[in-house]
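Same chain, two partners: subunit A is paired with subunit B first, then with subunit C.
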Partner chain A sequence: MTMQIARTETPAERALAEDFAARGKALGHDAARSALFERFRNIGLPHRRIEEWKYTDLRMKVRDIATPAPFSVSTPAESKGVRVENSIDPIALEERFTGFEGPIVDLIAAFADTGISASVEAGATISDPLRAVYAQAQGKRSHAASVYRFGDRAQATLVETVNAPDGGGQSLQNTHLHVGDDTNITYIRHIDVGAGGTHLGGVAVTLGQNASFRMLLVVSSGDLVRTDIGCRFLGSGANGDLRGLHLAGSSRHVDTTLFVDHAVPDCSSRELFKAVLDDEARSVFQGKILVRPDAQKTDGKMMSQALMLSDTAEADSKPELEIYADDVQCGHGSTTGQIDDTYLFYLMARGVPRREAQAMLVSAFANEVFDDFDETLAAEFSGVSEGWLARHLG
Partner chain B sequence: MPAVRETVDQVSEIDVDKYKYGFTTAIEVDKAPKGLSEDIVRFISAKKNEPEWMLEWRLDAYRRWLTMKEPEWAKLHYPKIDFQNLYYYAAPKSQAAPKSLEEVDPELLRTYEKLGIPLKEQEVLAGVEGARVAVDAVFDSVSVVTTFKKELAKAGVIFCSISEAMREHPELVRKYLGSVVPPSDNFYATLNSAVFSDGSFVYVPKGVRCPMELSTYFRINEKDTGQFERTLIIADEGAYVSYLEGCTAPMRDENQLHAAVVELIALDDAEIKYSTVQNWYPGDKEGKGGIYNFVTKRGDCRGRNSKISWTQVETGSAITWKYPSCILRGDNSRGEFYSIAISNGHQQVDSGTKMIHLGKNTSSRIISKGIAAGVSQNTYRGLVSAHAKATNARNFTQCDSLLIGDRCGAHTVPYIESKNISATFEHEATTSKISDDQMFYCTQRGLSEEEAVALIVNGFVRDVIQQLPMEFMVETQKLIGISLEGSVG
Partner chain C sequence: MLEIKNLHVKIADEDKMILNGIDLIVEDGQVAAIMGPNGSGKSTLSYVLAGKGDYEVTEGQILFNGTDLLELEPDERAAAGVFLAFQYPIEIPGVATMTFLKAAMNAQRAARGEDELTMPEFMRTVRSAAEKLQIDQEMLKRPLNVGFSGGEKKRNEILQMALLEPKLCVLDETDSGLDIDALRIVADGVNALRAPDRSFVVITHYQRLLDYIVPDVVHILSRGRIVKTGDAELARQLEKSGYAEFVDAA
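Up next is the complex of A and B:
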């Protein structure tokens, strides 16, 4: 990230500094926290001149800072093979790597007063999904940082929801996932922070050898939502399947920035990120696949697609490849457009009314991200997307 | 899949240590003092006998440049350029506006002969009927000679050096210069606006199809000299012109700077084809020397149904920073960008295009092929954007990259921005997606997918390549013949 020229502190930045100074002691903040905040303060709220934030200028967008109040956290239930603590693991504050770093990661960690530390034992197969909910009170600002460790050969599903009632507020939450060797892990993240809500969050994923990891991000509400996902392949033979769905209407701004780091050979990754945009909504997808010099035989494919329902929506996409190994297969694709008239014609010619035909096509577009998912989970989240579509196309 | 043997051999044949054009011409030169200041800007302007408004234009740009910072966003690493350690003007001494070829220094003529550039009108590409090319030869800071001027004038086409155009056609220069790339555009364009010394000027009047290919051949010869040329091409309503550009430089241990600006303007129903074979000295095996090539090229499809197409074959330069762009302002206008960028040794390429859709029913196509070998870095960086009023904008982009060896890098950085519901943008980075029906047609007739892709990519660029002077053509064909096998996104 490029360091910046001289800048003046914005009122929001000043408010954060004052809050940190005032509450630091009460929160038990030590030298490490101060160092985190100092790092944030050196850069401040990222703005469009920082490449990773080109489309989401927080300096402009975040004008006020809400009064702090901790998240009300509902932790996953403990069971055989699953240990859960309502506490902040030091890793949640310290872990940084390319794709998971920068002022917002530091800001979230500096203030984090809640968090979940959970681990799934090696070899454990957890059949019921582990569920965590971070509920932010209306109009408040909350920070949390969580760590989940999945032991070797573990099989589990984790569903995290960050929610807030309509009416604003700021939720800031980071999740670290340490996925061991030969595991089979599914992670679903649902951001539903209501009208007027702001969410800034990050997901740091490290994958062990032969790990099979699947992730789905669903953003169904929130005025300003930015998610940074960093996925690092540490052991060969691993496979990452990362998907996302932005559903945005009115003047919402949803940004997902993804960094996939193929650091070792023989791994494969698939990325599929979709956006359905109505009114004046804006969707941003920035994805980058890095294939390091030793990561031969990497197989990476990234796809981003935006479907526009209104002529005032905006879709920005930046799918990047950075490749340093010669024996790899990497590709990306990106499409932006509206509902295909020929499909619409096909359905209408068969007697389906226009609105229904449109709804059918949009839901077919959006629901692709749930393909091959566990049926109950797919039904649960396609329900979220169907509900949104019904409100916008009904 | 790794690169096939044939490809490796072909790329190594054009490796940096095989640079053919690295000789120097011993010739007396007239130089401005080293460094850059207002006095140097005045010196250049005076040398060119420029009108007062032009000097003011330059000084404005220079003052603005002083406040600007070098762009650092590109994936390029090089030591800081000392802008005070360069000569901003160098011209062959004997060159006092020669009226004909006989008056040109024979040493210069020999140089162009060695480079294979035809300066004698009657001898143009002997044996190739009808393939005549008019050449503007730019040596360091000045245009040495422009061929076929009389014949072009018969058709009403103006083809001359930009300094001459400023004297002979001030109204055209004043109207169009800086209208596509304003003096404040970017660090290097602003520097160019202050110190540009020569370049080509083309005006094709209404309804005229330019009777021959136009071309400019740029040669940097002097040590420690920067070359700052400026090209301005205007195709008036219904006009057509095809323009070629070639460049070479001697082998030197020091890096040399080349910062050009090219502006194209296509009015209603006009078409401009602009082709570049860029073969500046790339530096040696250890990465010593070579040209720093910072170029701003932009075409403005100002009129309805206008078309601008950029074709580039990039093999030279230590550093390439270049994004030939199209502003699709007129309704139904079309922009195209075909590029082959091959980097070897320690070369670094950061190149691509911008397609800015502003008008209705505009379309653009981007085909880019990057091949990296040695320890080079090859980046495609492109922007496709649709303005809110760009109804029915269409874009198709395809970028292929190929790595030869495991010490080089190939990168793709596309920006896709759509503010219009009816805009359809497709970006593909796989070889199988050129156009399914074309592929089907070829494969169905027994061609392998490889051959079919090569054939189609060739087809896109062939009509331009065939018009290139023989010397370019052979080289370019060789580059394009490189197999696509082992392509990555």
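Up next is the complex of A and C:
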């Protein structure tokens, strides 16, 4: 016997249902979208009793639903070896896999009226980064779902930015990355949705054999930002290097939840997630590494570190290892600390003013996530982090 | 240059007294050596001069060219011309040595009302100072002191001193950890900086350094007090007889 626990719809959930009833048909792919929305509706906005949402209770946090308005999408430029369409790939509405599923994935897809569908040809080396921007109109709600396919032996960098002006918009965006065999792919995701902004979304990655994949998530603004990252190893010998940086002040809440699925042997994954927190900001990092029975010789290391600039900030870290293979090397660690006074004194004793010394030390902490990145991109995103710092320490 | 009057210092948050009434004057252009047994308070004195936060001055005063040093933040003291070469220079991961040197030099210049150095000027200045101290350029590409050997760290301290051109240089056991050649190089570096308007406080356990940097005056610190003051001869006498005689007098 299954027990159905009666769930009362929140005003936000009701508003979403009304919006779907009004616009769902007009969005196209009627059957797929209806199924998606029904799935969302069965669970509703996830709340703290759902393990993955323990620290980020959307039922509590999302009170109102903003009026819909499509993202203004700027797609990567087409070039030799790169095909881009400014439209939704049906795969974005249909594809699900463990660790990248659930009511928010469904909610994003059900309403997605924008998206990018792009592919990089097998063997192509794309030297300039592909750049996509999802710009949200102030105070509106926008949904987008994108799919990128990187053919075997492709080498490329993709930079996606979701941005919004200050003023409380709701941006929902998911990206699927299909990374082929023997590829070398870098993915950067920058969430900058402004004061009052809410962002829900993430990235689902599948890695082919011997793929070399690195990603960097930078969250530099937004009051409520939840990012889900799902990374699934499909071919042996692949290597995933996943990093993230949360920069948060005032009472902002930034949650990154990661699921790494090692399904095949001889793969390695590195996860390094950092947070710099001021005021009453809260950072959540949940990371789960699953090593399935076949995934022998998996090498997985996960680290999360938070640097607190105030006594009232909070960092929660929940690492999880679930290992079903016996010949693996996996580990995790997490640290929380403040600016080291001995370091600060040393720099100041050489004449560096306090604020500048603090900024140097915070950058030293944060910049580790840019290590070994392409120099121009590292400079671009350490610039984002330094800009944030200048506003916070300045 | 420096006038310390009846300085009493304890560890902040604890009752433990470390300095118990130090009186010390360092004249312009003078080299004053401070010697004393382990734990007598030499490093504490140097930290209090530089403005480290772990200590509390319960009594006394420190005047630096007439201004009350204890009122100033560590960076303001540095800007005023106080420099401490640390006994144990720390490693700061993630802070590039060159970035740090540039920030320090420009802060010093700003304090003197001078313009920031241009990149080529900065590179030239650092390169020539490093060459004099036989510091490998490659080392300066690393994060600050990270992975430096003990002696390399000490040399890096003296490099910073040479670049910042302070008025009062406090050297806390700069000689320990240096090999014989390095000691010579560092001592030459210090001697090159000697000037009528620059003073040195040289903390050391060994006469060898004082053979190279000949002090004008030698103070013996014991249990947080100056128990004896003399000339260079006093240090030589200590080398032979040890501290027993002076420590008992305390």
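Just so we're on the same page, the second predicted complex is superposed on the first by the 389 of 394 C-alpha atoms of A that agree within 3 Å, B and C clash if a C-alpha of one lies under 4 Å from a C-alpha of the other, contacts with A are read in each partner's own complex, and residues count from 1 in each chain.
Methods note: a contact is a pair of C-beta atoms (placed from the backbone, for glycine too) under 8 Å apart; a residue touches a chain by one contact, two chains touch by 3 or more.
Being a predicted model, the structure only gives us computed values, none of them experimental.
Taking subunit B and subunit C in turn and counting the residues of subunit A each one touches, the greater count comes from B. Once chain A of one complex is fitted onto chain A of the other, the partner contacts of A:Ala275 are absent, as it touches neither subunit B nor subunit C. Using the contact criterion defined above for the overlaid structures, shared-chain residue A:Gly333 touches subunit B, although it does not reach subunit C. By the touch criterion stated above, A:Pro319 is placed in contact with subunit B alone, subunit C being left untouched. Contacts of A:Glu51 after superposition on the shared chain: subunit B is touched, whereas subunit C is not. Of the two partner chains, subunit C is the only one that A:Gly351 touches; subunit B does not reach it. In the superposition on chain A, no subunit A position is in contact with subunit B in one complex as well as with subunit C in the other. For subunit A in complex with subunit C, the touching residues are 341-343, 345-354, 356-357, 360-361, 363-365, 367-368.
Chain contact summary for the complex, subunit A toward subunit B: residues 2, 51, 293, 296, 306, 308-338. Interface of subunit B with subunit A (complex): residues 1-3, 72-73, 388, 401, 403-430, 433, 486, 488-489. Partner subunit A is touched in their complex by these residues of subunit C: 50-53, 73-75, 77-79, 83-84, 86, 89-90, 92-95, 99-100, 103-104, 107-108, 111, 143, 160, 164.
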